[in-house]
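There's a structure below that I have some questions on.
Note that the chains are named A, B, C and D in the order they appear, and that numbering of residues resets to 1 at the start of each chain.
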Amino acid sequence: MDRDHRTVEQEYEHLKSRLAESGMDVDLDEAKERLKRQRLETPSWGYGDSGTRFYVFKKPGAARNVYEKLQDAAEVHRLTGVTPTVALHIPWDKVDDYTALKRYAEDLGVKIGAINPNLFQDDDYMLGSITHPDPGVRKKAVAHMLECVDIMRTVGSKTLSIWLADGTNYPGQGDFRDRKRWMTECLEEVYQSLDEDMKMLLEYKFFEPGFYHTDLADWGMATITAMKLGPKAKTLVDLGHHPLGTNIQHIVAFLIDEGRLGGFHFNSKKYADDDLTAGSNDPYELFLIFNELARAENEAGGRLDVDYMIDQSHNVKPKIPAMIQTVMNLQRAYAKALLVDRKALARAQQEGDIIGAERVLVDAFNLDVEPLLRMVRAELGVPLDPLKAFAESGYLERVIKERSR
Amino acid sequence: MDRDHRTVEQEYEHLKSRLAESGMDVDLDEAKERLKRQRLETPSWGYGDSGTRFYVFKKPGAARNVYEKLQDAAEVHRLTGVTPTVALHIPWDKVDDYTALKRYAEDLGVKIGAINPNLFQDDDYMLGSITHPDPGVRKKAVAHMLECVDIMRTVGSKTLSIWLADGTNYPGQGDFRDRKRWMTECLEEVYQSLDEDMKMLLEYKFFEPGFYHTDLADWGMATITAMKLGPKAKTLVDLGHHPLGTNIQHIVAFLIDEGRLGGFHFNSKKYADDDLTAGSNDPYELFLIFNELARAENEAGGRLDVDYMIDQSHNVKPKIPAMIQTVMNLQRAYAKALLVDRKALARAQQEGDIIGAERVLVDAFNLDVEPLLRMVRAELGVPLDPLKAFAESGYLERVIKERSR
Amino acid sequence: MDRDHRTVEQEYEHLKSRLAESGMDVDLDEAKERLKRQRLETPSWGYGDSGTRFYVFKKPGAARNVYEKLQDAAEVHRLTGVTPTVALHIPWDKVDDYTALKRYAEDLGVKIGAINPNLFQDDDYMLGSITHPDPGVRKKAVAHMLECVDIMRTVGSKTLSIWLADGTNYPGQGDFRDRKRWMTECLEEVYQSLDEDMKMLLEYKFFEPGFYHTDLADWGMATITAMKLGPKAKTLVDLGHHPLGTNIQHIVAFLIDEGRLGGFHFNSKKYADDDLTAGSNDPYELFLIFNELARAENEAGGRLDVDYMIDQSHNVKPKIPAMIQTVMNLQRAYAKALLVDRKALARAQQEGDIIGAERVLVDAFNLDVEPLLRMVRAELGVPLDPLKAFAESGYLERVIKERSR
Amino acid sequence: MDRDHRTVEQEYEHLKSRLAESGMDVDLDEAKERLKRQRLETPSWGYGDSGTRFYVFKKPGAARNVYEKLQDAAEVHRLTGVTPTVALHIPWDKVDDYTALKRYAEDLGVKIGAINPNLFQDDDYMLGSITHPDPGVRKKAVAHMLECVDIMRTVGSKTLSIWLADGTNYPGQGDFRDRKRWMTECLEEVYQSLDEDMKMLLEYKFFEPGFYHTDLADWGMATITAMKLGPKAKTLVDLGHHPLGTNIQHIVAFLIDEGRLGGFHFNSKKYADDDLTAGSNDPYELFLIFNELARAENEAGGRLDVDYMIDQSHNVKPKIPAMIQTVMNLQRAYAKALLVDRKALARAQQEGDIIGAERVLVDAFNLDVEPLLRMVRAELGVPLDPLKAFAESGYLERVIKERSR
């Protein structure tokens, strides 16, 4: 079943000729180069045990601390070649010496990415963090974010990624507008502390753990707040944080157009939230999101200033393979988006040819892009099938032994 | 079953003493005065036959043209005392002489309110109106809106209320960002034509008739567009136009705080859209929305610059009674919101007393405010039970005869 | 603010005359008697700490074991008079001597109600309990349920209340039909072990912790499975376990008509699940559910063989007050349902008078039934305001001291 | 861009070798044979103009009567080879001589499929058809269905496909249980009239045009009703008629297992209903549905007694191309489902290898099956690209001319 590199090339060439025959005006080699430059950030918390409110299933070998998490992240990067950075969560990943942590990561071949302050795991925050009626609690929350900015300076991170668990469960519990003003004031204080080359991402969430309202409930609230703060503040789109049916790709396009798309948390859901592997529920939707990104990249000379981060709550899949599978899903979606025949699409749109325009997208989506992805991996010098390579690597067996001590 | 005015007063006094005994710090007389000043606008199209895509059930006596619609609206105002204006839809309500139409309305005791341009009932608009790829179609749509502004000048209307049916049904059918730019350009042109004392309301809608995307899909898109246009542009909240579960009162509070709440389209839904009588599906939600409005009025000295308009698609209820019932539901929700003990609420919020805060709202909601509403009606000089009064008025029997000619 | 009993009677009489004047053909005294016979079951797990996947906020004085939970349940019954039974969860409430536990409860003035087997907090159940591909795991799950039936015999419980956390997170993870057959086989084995006067309730849940499918996803799957098992198997309706928009009262009516309504788990939700106090999100919906129950009771001579159980996941409200508040909400909903003028309703339905029929329900819902509920409490010999009575009782302060040892 | 048949064969062989290399244990030739036997039914009403409640866009050349609809259906069958039957809607397709109509269809190369009684386009049905409080209206509705059974005998149809628009818009409007009993009685009368080899399909719908409840709201209500009626009654799954998030493939599997899956109405939705081309919103979901069907066919020796019908409400796409595109989408989904490696899937499921099991499905879904589908078309003797063939056929131009007369 193993494919040698000659096969890889043959299949790549077959795909190229298949595209040529079909009349699609796309550049496979350019797609390949852009795929080689794709960068995805994995989250440290994606390597430790997690669960639902009902139970946390223990996974043998799951990382127990930030060092082990970085090891796992480095392994994913070694196998995929496109995940060179790791997001941290403070205080989950709190250490005494961040300079040493930075070096530890670099020795493993990865860097530290976004810093995520934790504003929800403290009894003080039951009624809110920066929306709490008690100014003392708000101050504590701001201080924690300022501490995170300090950590960013030490570890070389440029992204402060803020998700608020703030919200209420019952009508009357809090005053929407008081809370809004407190939140804005606190964010302004943190914003002022950012260095010139830092950015602040504001994540929104439709619900949970607030079951009546969340203070940043949708992209509109996050974006209007970011507009108040200034150009370094942008919106973070978590794929799981929308009402069912929401056209996420439309929001992405709107944010791009407004210059406010700051980053992604990739995951997927069928019902409620960020529960599943990105691309596992509706891969066509993921493709349509990347379709907007690829189009915008074309205009922007190939690159957007957007953080592509993975954030999903895996409960039953083994952690490292789930992360690798996610990376592969994101590569596949991007690959297909890069093979959309944009001239044909624009032409059909102009002519009002609805079926023709749809078919341009569907034709790209229906392509078997595995030959392209294998060529990308071959040129990146990573295994052609990273999942299989991981299974055969003995890594899991080794850490199970090491981490049970 | 008829209550004379002495009974009305007795029951009002009983409610007052009931409030006093319960320790609620609320001012019933002030609530009564504010209820007397409440103003609701009814829509001309609410008096004609309407239906679903499956069928339009014919209602005997339903208004057939704008004159009959104004008659019916005037009848609703005669019976309720709080609906002195009527929204028009152009070209549904197109006439040759708008000055005469204005006079016709005034002779009936009502005025013309918001003007709603129709940008969807024309084969030209299949792919969009101001988002259409063909500049000629966009121009036609702008011209129609400019015509509406002219009509506004003639009839004395101050509100241009814009709902776009623009959207797409299939991925690829249109380019989100091209359409966004065309839309913004066109709206700017219309905005420039507004007089100083006019405003433009932008309505958003989650879906339908666009079944893949709608160009103004949510309050965020409408509001950011309004912010681009200028201070005369505001957001219109149609209660039926949100994803299920949306905390509409939170959006209302956010818009108030941003100075961008322009108006409402009142209706209700259980599943999809604006299909039902306002307050008929979840009266507690309607109360919670009015709770935000009442709180904001307190801050603003008793009045907000907001257009309270009814817009619901009634298919099975008889038209005029349905409108009267709607008005009564909106009065009831507002009455209860005016009886929220705001000091107790603020205190419980400050103390983190979740159950106590909730109870303040629930206690107001659970009040039987019919005695208050009857006193309001008595002082306004309208029937105590407008629905019953309509049934007994012979109006319907008369118009059935007249309108079958 | 305290009302003495003379006031209670006066207000009750005022309500009676108010009903008479309004022409509503309802019997307040009968409603009072039925409210005195209302019985609600509280869950042992509702008295201990619980939370979301993000955090569990610690509540001072929260019950730490089944004995303390029974104490709290008994306190709720002492204050409300309508919660004489307590549901247990095994093994959360596992003890060595169930006879002693039964006696302990009875000494406190309560009895043990439904027994709920726990089939989800064990690493063995990651892929399912009675739907697990490994027959050994299925056998273990069945054995646990049989153990629960034994416990039922000892404690005198008649209801085995089954909720399966079984489901999958990803397409392909399990075979729907294999799992269905295993589940049915296992349930049959448990069903056979039930005594003649025992019943088995099957709960369904739209999603979570299964995020792709749950094996009993809706009332249809639960009910068709119950029909296969036999007459002792019925369906349990948990108010939080439906897709948004679902007309739960319609399902309740359908189940009543089929003789398969076995019980309720009362709670409420705005977005996802059983997260909130029953009646707190949409009290009109709760009223409409009780409206179906009240109508069916009328036909059945006043009583249905249905278990009315509370099951909600409170994270921020203090536990005992939240339970008391829930009981009060359920009393209020039932009270209003008992005051629906059924003759007027039937007449309006027969005549196709939609507004009239709706108004019959709305008139009952809008009644201020607090005077009725206070009279019920007075006659039951419990405090007129159980929440206030609890706050003043010193109970919480006492258990905080005792339970911190 | 045209592919000759030698290319078709080469690409088919390449796919076969690609499958072999990848180690997938699937039989391409068998898949091809089963695809050649796939049968889809198109609906007569899919060829005429339709729209939303806002507007019906006129399509040039749209069929104006049943004869023209049959012509268009025959054209679709000529181009695809898999749509030999046409569903009729009575009275939309009412004619004087059904024997002549049958012959007319057969002369065109198609047959008449399911007969759909229309129970909603009549003022009498405003409050319901077979759930109407007036027995006279119920009788009229039953008579119409009996007439349809007579038509079935004449035209040789074996399927009576029943969708009820019955429902209510407001609480109280109707009594759920009275309506349920009337509905069941009426259906029983129709059921008794069926010939031995006829079947009755019961369609369910979450909402619309009933906006408070629909009498057959979900598969559970339809199926329990069918179980009461007898073995000839089965459930029809319309893909658009579920709450958002519903796992439709799970319902399909459950119905197969119960022997109650009667048929499909294929379409797609993003938000509300049956508004879109099947497979256009979430093609992975369509694949997962066919995955259940393909698995069940394997057990049943290759064929299920299920009616595969298309029913979608196209408003903006040209009618005939939209139908052809639908057929192609359904072929693609089935093709991919036939290429699932079932042994590998079962193995991974048994081993609890979640990622492995998912990957088996994803690998099949990600295949480019166009070479397989072209070979199927080649062997069926129809154009390789039916959409292109239609565009080049001159058919539309011809009927535009003919039908404008």
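Convention: a contact is a pair of C-beta atoms (placed from the backbone, for glycine too) under 8 Å apart; a residue touches a chain by one contact, two chains touch by 3 or more.
Note that the coordinates shown come from a computational prediction; the quantities given were computed from them, not determined experimentally.
Taken together, subunit B and subunit C share the touching chains A, D.
Annotation: A-B is the more contact-rich of the chain pairs A-B and A-D, by number of C-beta pairs in contact. Between the CA-based centres of subunit A and subunit D the separation comes to 38 Å, rounded to the whole angstrom. Looking at subunit A, residues 126-127, 169-171, 173, 206-207, 212, 244-245, 247, 270-271, 280-281, 284, 316-317, 354-355, 358-359 sit in touch with two or more other chains.
Residues 126-127, 133, 169-178, 180-181, 206-207, 212-213, 217-221, 223-224, 243-247, 249-250, 253-254, 256-258, 284, 288, 291-292, 295, 345-346, 348-350, 352, 354, 357-361 of subunit C touch subunit D in their complex. On the subunit C side of its complex with subunit A, the touching residues are 50-55, 57-58, 120-123, 126-127, 165, 169-171, 173, 206-209, 211-212, 244, 269-273, 275-277, 280-281, 313, 315-317.
Residues of subunit B touching subunit C in their complex: 1, 3, 7, 11, 14, 18, 21-23, 244-245, 247, 270-271, 280-285, 316-318, 321-322, 325, 332, 354-355, 358-359, 365-370, 387.
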